[in-house]
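Right after this note come the structures.
Next, two complexes with chain A in common: one pairs it with chain B, the other with chain C.
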Partner chain A sequence: MTWMGINTVRIDEVLELLAIANEKRFNAYQVALLSNESDIEAVNDYLIYKAQGRFASLSAKIETLCEANNHPDEHFDIGDQLPNYEIECRICGDEYVPDIDNSHLVFYFTNEFSEAVKKKQLTLSKQMVAI
Partner chain B sequence: MSQMVWLNDLIATNKIVVVNGGIHMNNDNKQYNTVNGVQGSAFSFGPNSTNTVNNNQNSDLVDLTRQLIEILKSQEIPTEQKQELEEVITAAAEEATKETPKKAILKSLLASVNSIMDTINKTPALITAYEKWDKFIQGFNPPPV
Partner chain C sequence: MNKVVFKKVVPKDRLEHHITKENISSNMNNIEQMYKDLLESKKELTETIYEEYKYAGKTSLNIFEIIDFPQKMNNKKRFLDHVKKKLGINTSILGVPLMPKITETPQINFIEEVANGYRIQWISGTPVEAVNGYEVISRIDTKLVTTIIRFGSPIFIEVRAGYKNSSTYINLIKFLVSDDGNPVNFEKIPLTKVTEKEAEEIATKLKAGLLEGEHLGSNGIGRYAVSADRDTPDLRELSEYKERYMGKQYLAQTLNVFYEEKDSGYSTNVKFRINMNGGFEFKSKVSEKIIKRIFDVFAEVRYKKQASGE
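Moving on, here comes the complex of A and B:
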């Protein structure tokens, strides 16, 4: 199915492959690259769509980068406020105040989606063995 | 992850909105969000169905809340009341848009908004914005069993 110029079926397949590979965190650039899509904004819109509602398969998070080295650091849920006090980068120990201008959007799989995909993979494997 | 989807780009393109410091999705991805052709509305099916709220409502509520707060800020009322009202309106909107809003908390917050509203001088613009917001947020309450 192609909507808004992106192949959402292919993207869904890529997401399943990432979940099977136990990829924990990803963004629209990675998914677009793996699904041969060039419209990053449309892919990001689609991922955002999949991260909303009761049946969401993804979880969107805001990831802050530390000021000194731009290390990917803390994650915050959508709806949260970024702290207005200093936090310590878990990688380099830099103390910085999280800034919207130095934060980006990442996605995680929900536990339900990860488990469902792995269960599906296991069932397929068993069927292959049976054949 | 060398290439990143920056938050300020998403804010600039109105994909994300910041309301009172909280970062929220502004879901304008309605092209993906079609259920039997129904967009941005409540829908139900089956004899024992309960109303399922389409998540586009969340972004609509965020917009209505933002409008209400903007109008509230322009009112000539004591700052303390203004801040109190802003806090309780935001808290109600946040509770309503949770996956599983707590009815009792939401009801209490809406009652607080209503009681503060009763005590202040309201312009027609504020009355209209409040009535629209209140009617909309009431829609997030599941129907009584």
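Moving on, here comes the complex of A and C:
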């Protein structure tokens, strides 16, 4: 199925492979590259879609970057307001006020999804052995 | 003490710790407000906190072991007598701001006694012309640098300035301890410039996590700067880092140490960056106690002695 010009089936396959590899904190750029998609914005929208609702397989975080060195720093939930006061970069100690334009989205698998994928993998390999 | 200088050196989490402990209501997102509220209800405590950080904060720091320091001056009293003579002051000078006329060459502003030695604060200034609203004004860009001389065997001089700059202050001390106008020729061995092996030992002893490694590259790559994500307390535990970067020459390391004071209950993460070519900088605001805790371990690794600190 293509949706908004991207192949979501292939993306789902890539996500399953990443979950099996225990990948943490990935982003749309990475997923787009692995699934041969060029529209990173669309992949990002798809990942956000998968991070919503009761049956979400992903969780999304806004990751701020520090001003002095672009260090990936603090995480906030989507919809939360970013602090309007200075926070301290956990790497270089830079004191900066987080800015949505100097932030990006990162994704994690939910525990349920990771476990389900690994269980499926295990069942598949058992079936293979049985054949 | 005022909010500007206080905010510059005291970390927010230290204020948070006391405000919570003393049950003071304050806006925990606003350090100036926190300072104001703590000062209002606990003035003495606020001053004590400031004293601990006054000469420290987010500072660069270099410690040198001094070889061939004039032996007759390796003594608190004789050193002080000599300095008084040199400055032409007969009265007591300890703890008194001397306030010399500010010049581009650093001069002694303040001498204070510390364990085994003296803390000497130097003041210098460069005239600059700056835009002030719609007019141009002249002002003096003032620089205060703290140096600490610790007598004993060996003698250490600590300079709270960048690695390159620290030579300036070592040279001033060479002039300060000389009897005539010629500088005393002593050698300095930087304790804060460590080998990779020493850095590793220091990290192990302090249970420090590697937050960032800067490595020299090859084949078209100049350098790699690899930093840990927020779920990774120590890059060296990460297989990808081990396989791809750890064997490459370090240019700098940023380490994180969990620090806890048993008596006050204050705990914090102390971050510092060791430049492998010399130069040490704290990346979080630290107190004198924290500096001592870290450098006891540096000395322990260099001289293979037991640290005296907590």
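Everything below uses one rule, namely that the second predicted complex is superposed on the first by the 128 of 131 C-alpha atoms of A that agree within 3 Å, B and C clash if a C-alpha of one lies under 4 Å from a C-alpha of the other, contacts with A are read in each partner's own complex, and residues count from 1 in each chain.
Please note the rule applied: a residue touches a chain if its C-beta (ideal position, glycine included) is under 8 Å from a C-beta of that chain, and two chains touch if they have at least 3 such contacts.
Bear in mind that the values here come from a model prediction, so they are computed numbers and not experimental data.
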Exercise for review: Overlay done on chain A, so just call it for chain B and chain C: clash or fit.
Suggested key: fit
Review point. Which partner reaches more residues of chain A, chain B or chain C?
Key: B
Practice item. Scan A:91 for contacts with chain B and chain C and give back first, second, both or neither. Key: second
Review point. What angle, rounded to a multiple of 10°, is defined by the Cα centres of chain B, chain A and chain C, with the middle one as vertex?
Key: 100
**Study point:** First, second, both or neither for A:105, with chain B first and chain C second
**Key:** first
Exercise for review: Please work out whether A:28 is in contact with chain B alone, chain C alone, both, or neither, and reply first, second, both or neither.
Suggested key: first
Review point. Which partner does A:48 contact after superposing on A: first (chain B), second (chain C), both, neither?
Key: first
Review point. Which holds for A:40: it touches chain B only (first), chain C only (second), both, or neither?
Key: first
Review point. Does the superposition put A:78 against chain B (first), chain C (second), both, or neither?
Key: first
Exercise for review: Could you say whether A:60 touches chain B, chain C, both of them, or neither, answering first, second, both or neither?
Suggested key: first
Check your understanding: Rounded to the nearest angstrom, what is the minimum C-alpha distance from chain B to chain C in the superposition?
Key -> 11
**Study point:** chain B/chain C common contact set on chain A
**Key:** 25, 72
**Study point:** chain A partner contacts - residues on chain B that touch it in the complex
**Key:** 1, 3-8, 10-11, 13, 15-16, 18, 20-25, 27, 29, 31-33, 52, 54-55, 58, 94, 97, 99
Review point. Which of the residues in chain A end up touching chain B in this complex?
Key: 3-4, 8, 25-30, 40-41, 44-46, 48-49, 51-54, 60, 62, 72, 76, 78-82, 100-101, 103-106
Practice item. Can you check the complex and tell me which residues of chain C touch chain A? Key: 11-12, 29-31, 58, 211-212, 227-231, 254, 256, 269, 271, 273, 282-285
Practice item. Note which residues of chain A are touching chain C in the complex, please. Key: 24-25, 71-75, 83, 85-86, 88, 90-93
